[in-house]
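Two complexes come next, and they have one chain in common, chain A, joined by chain B in the first and chain C in the second.
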Partner chain A sequence: MNRKILGFLPFLIFVLLCVFLYQGLFGNPRELQTGRLGQTMPSFNLPDLMDENKRWTEKDLLGEVYLMNVWGTWCPTCIAELGYLTKLREQGVKIVGLYYEQAYDPDFGDHFDMNALRKEVDTMLSRAGNPYQFNILDLERSLALDLGVSGAPETFLVDKKGTILLHHTGDINQRVWRSKFLPALEELQ
Partner chain B sequence: MIPEIGYFALVLAMALSLLLCIFPLWGAYTGNLRLMRAAPSLALGQCLFVLFSFGILIYITLTDDFTVAYVAHHSSSTLPWYYKVTSTWGGHEGAILLWLVMQSSWTALVALMSKSLPWVLRARVLGVLGFLGVGFMLYTLWMSSPFERLLPYFPVEGRDLNPLLQDPGMIIHPPLLYMGYVGLSVSFSFAIAALLTGKLDNTWAKWSRPWTMVAWAFLTLGITIGSWWAYAELGWGGWWFWDPVENASLMPWLVATALLHSLAVTEKRGVFKSWTVLLAITAFSLCLLGTFIVRSGIIVSVHAFATDPDRGLYILSFLAVVVGGSLALYAARVSQVHSEGRYRFASREVALWLNNIFLVVATLIVLLGTLLPMIHKELGLGSISIGVPFFNQMFAILIVPFALLLGIAPMLRWKQNKLSPLAKKWLVNVALSLVATAAWLFSNYEQVSALTFMATALAVWIMFSTVSDLLQKISLQASISEGFKRLGLSYWAMVLGHVGLAFVIASVTLTSAYSVERAVAMKPGDIATLNEYQYRFDGVKEIRGPNYSGHAGVVTVLKDDELVTELYAEKRLYDIGMQFMTEAAIDDGFFRDLYLALGEQMSQGAWSLRIYHKPYVRWMWLGGILISLAGFIVLADKRYRRRVKKGAQA
Partner chain C sequence: MALLLSAAVVNAAEDEYEFKNAEQAQTFKELTLELRCPKCQNQNIADSDAIVAKDLRDKVLTLVHEGNSKQEVIDYMIDRYGYFVHYQPPVTPATIILWVLPVIIVVLGFGFIVFRQKKAAIKQPWSAADDKRLEQLIAQYQRKERQQ
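Now for the complex of A and B:
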């Protein structure tokens, strides 16, 4: 190959890379799986985190717009967003927690202590703020899998009929709330 | 008032940087010596103002000035003073200011130590460094100032430093890493200055080499400490995760390693010139790309950094100007460069050329693995994830020819060699390595997989070849002490670097193959056995630190009924952020680490514990330290010392 063309090759490769980086910057990489958008909440029947005799199903949630927030005490970002979420609750936003336990491994279940977890959650929520109406315990991660959850925190916005309008990966803060959730909520009205 | 003075000092530094960028470059272009002569004092002035500004940030952090947003978000009054200092680079804005401190210090050092360079070259090098300084300072002042106030409402207490960062490793890891990153900007500036001047002779390589060497040594040390910190602090017993943020520091390291070897060829033999320049540009470009990846949020990483598309856009624009500009300059100039030296296939030139190929391929693998998921999505092909197995497999394949070459290459001479006498030596070394590896592994372990054997043998082979070459070279001299003196520090550096790599390969192999772990639930008095050690759980005691409380599991380790050590595995709850942290207890040793992490409290006074036995894991960091030592040793080389002295007299 001609020496001159060869010399230009690094430049051309770099320009191409820049195009992708630019797109990636505005392509919102945090919206990973959008497969669930527009579909209804998958059906589930799961216990309450604080009271295993109480069970929740998707039907209990119909009739109200709500946020489903996937979180865990092991996840620093989740704890960081508790404060802002609590403020939202005070403004009348209904928030349901989907508790995602990391320490529990179905093949390794004997090391898991439910009481310790409840105590931990209780301390955490009383100190950092409690935004939740209630928490659903998804020990086997069946609902999380159905929803396409890849980590925590993640939040779903669900309308009265149980349709998923939004799937947000990462924490909710003022910026995210205003730019993403508020427009979606306004569209509903 | 004081934070504002810090900001104002940065504004002044930025003004001086701007002049440092314009005056010398313009002077070199027009041949105006007076303009060129302004460069060193501008460089020093800029450095002083940045240092002053950084001093102010440290001061306001130590005095708990929570009216400053950065201090409120990253420090607290209960934080011990040394972690307060650490917190000045624990967040995005402060980290960028630390970058500026490094950048301006390197620039000032270059200004001080380059007195024997021709003025045109010196001015251009400093001018390019000034340009880079402007880019980063503008960014700091415009969108990332650590001096921003939270007025009129400010918290009475700060949010504390992320507990993950409250670790001795974190005190030194970022400064070392940045020393390396920013140091590569010096090699970059030399390359650009040489391209601008149009004289790509070996003088350029000679000048660039010691600077590159030091930057690379710092980068090596920074990565090593980072890996050690992940191991000691994250509590999962691992040392490398192939996370985008880790990859961002590995890529410039790989290219800088290639650059070091290729600079040697360019300096000594006058070949590979355009390739070496390209490597110098690439190494620093990858530092900028890494910064972009880490700071823009373009790629989701487990490391929580402040991410913001506006900042990302600025860094991308800066990246486009700096890298795009220099690659365009390269394209325009490269066709005029001609190689002088001639060489045959069996020569050190070809060996080093192959070394470069391997290192660049390794870099491409990391780059692709890091960026491909994003590109894939942008092309509309859906989400894919490239994980640890991909990188492990690719590197496992690549290391085989690389390690084989590494054992052979140091014995080759420049230009050409007769292979048959060398081949005999190599065969002896191969046989010795196989025997030694077999003796080592089979006497220690019942099961040895083919892969483990091969990888260990490669490490042993590097060790044998390096040491046998060293002995051979010493034996050529009149006496052993004469041999030690004659060999020269560059040679010793090579020995150290290669031996260090052998340690790393052996460690990665053996610790991956033979680490064992057990998760157990233990009540006080219970004993768990792992390998030849017994772990007796003596219960849990309450602990209280300056800004956290928690429990420590007390475990007595016994071997054949003899006390080995007592370990305290802590579980901390930090007061302010309410974050739980696992502080693993480690009994380190040359041949093995006993590693213990405390889990949850379970019913009836039992606790869950994870016990790890990690053979040879410490060799990894020992290897990393040896490798970086190689870089620092070269600085003491007479060739460079003499020139500095000569420069001081001029």
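Now for the complex of A and C:
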């Protein structure tokens, strides 16, 4: 009896190893790469995208649950999710944009014009829907780096005290919203 | 090849950047090879052209210039990008199995070999009863042969 079990042991280990590796094959490595969960919003002092005289800090965002959506007009997936985000805004979700412009970086664009950018953003938002209460302009990508942003679009769910509850990489659609954001929001209530 | 390529990139990067001393240059070089680009599937930040890799390189440079140690820079990055950003996995409850499993497998395998050899080396005692049983079996076999 004992020997039989011992004989099956290698097979058992093999099966367990298969399950372990299979999971690794279909898991999403991007899900793991976030260090800011459970921490408070890093402090920042950045201008508004549409009005350089207006500045935003992390303190302006306290007191309300909100989404911070990292985006740019150069990013096709960001444009694609504007429609769904606008629907969420209509349902009463507060969404703040964190705008970053790739072309501002001399290594990634050849010219940069603030007025042209504002016009482009305006056109884009009137065409695809405007989900944002306002947009914070992060030209140097300093807040993006502090948040652990690796690209766009990415979205953070932040509670009233400024604690980051979720960090989602990729677009938000109905499936993501229902499976990821709704449960987190329900937990808040 | 990949190693050569990344080394070349680092050298190119070094030409662009200036350091106060060789130690800082070395720290910067090691960090850009050891930190993983969070946007790419598997590239270090010295090797990648992604915008985030460039941002991380610049940040590493600033932190090194400010006199931060290698570990301080790594901690800074892990704080933002999670453990994913560093190629050397830390020992945490979740990763302890990765560290311990190879040791367990080697110990078990070695133990198994020793166990088998010891068993094979044991001399089987031969008794009178065994002699009798052998004779019986030979007689039985011979009887069968004759019957055919």
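As a convention for this text, the second predicted complex is superposed on the first by the 159 of 189 C-alpha atoms of A that agree within 3 Å, B and C clash if a C-alpha of one lies under 4 Å from a C-alpha of the other, contacts with A are read in each partner's own complex, and residues count from 1 in each chain.
As a working rule, a contact is a pair of C-beta atoms (placed from the backbone, for glycine too) under 8 Å apart; a residue touches a chain by one contact, two chains touch by 3 or more.
All values derive from a computational prediction rather than experimental measurement.
Enquirer: In the superposed arrangement, does A:Trp74 touch chain B (first), chain C (second), both or neither?
Expert: first
Enquirer: Any idea whether chain B or chain C touches more of chain A?
Expert: Partner touching more chain A residues in the overlay: B.
Enquirer: What is the contact status of A:Ala128 with respect to chain B (first) and chain C (second): first, second, both, or neither?
Expert: The first partner, chain B, only.
Enquirer: Residues of chain A that sit at the chain B interface in one complex and at the chain C interface in the other, please.
Expert: The overlap between the chain B and chain C interfaces on chain A comprises residues 29, 32-33, 108.
Enquirer: Could you pull out which chain B residues touch chain A in their complex?
Expert: 162, 164, 274, 278, 281-282, 285, 292, 296-300, 304, 309, 312-313, 316, 319-320, 323-324, 327-328, 330-335, 371, 374-375, 377-378, 383, 519, 521, 577-580, 599-603, 608
Enquirer: Enumerate the contact residues on chain A facing chain B in the complex.
Expert: Residues of chain A touching chain B: 3-4, 6-8, 10-11, 14-15, 17-18, 20-27, 29-30, 32-33, 73-74, 76-77, 79-80, 103, 108, 110-113, 115-117, 120, 123-124, 127-128, 169.
Enquirer: Would you tell me which residues of chain C are touching chain A in their complex?
Expert: Residue positions touching the partner: 37-39, 41, 50-52, 54-56, 59, 78-85.
Enquirer: Which bits of chain A are touching chain C when the two form their complex?
Expert: Touching chain C from chain A are residues 29, 32-36, 102, 105, 107-108, 141, 144-151.
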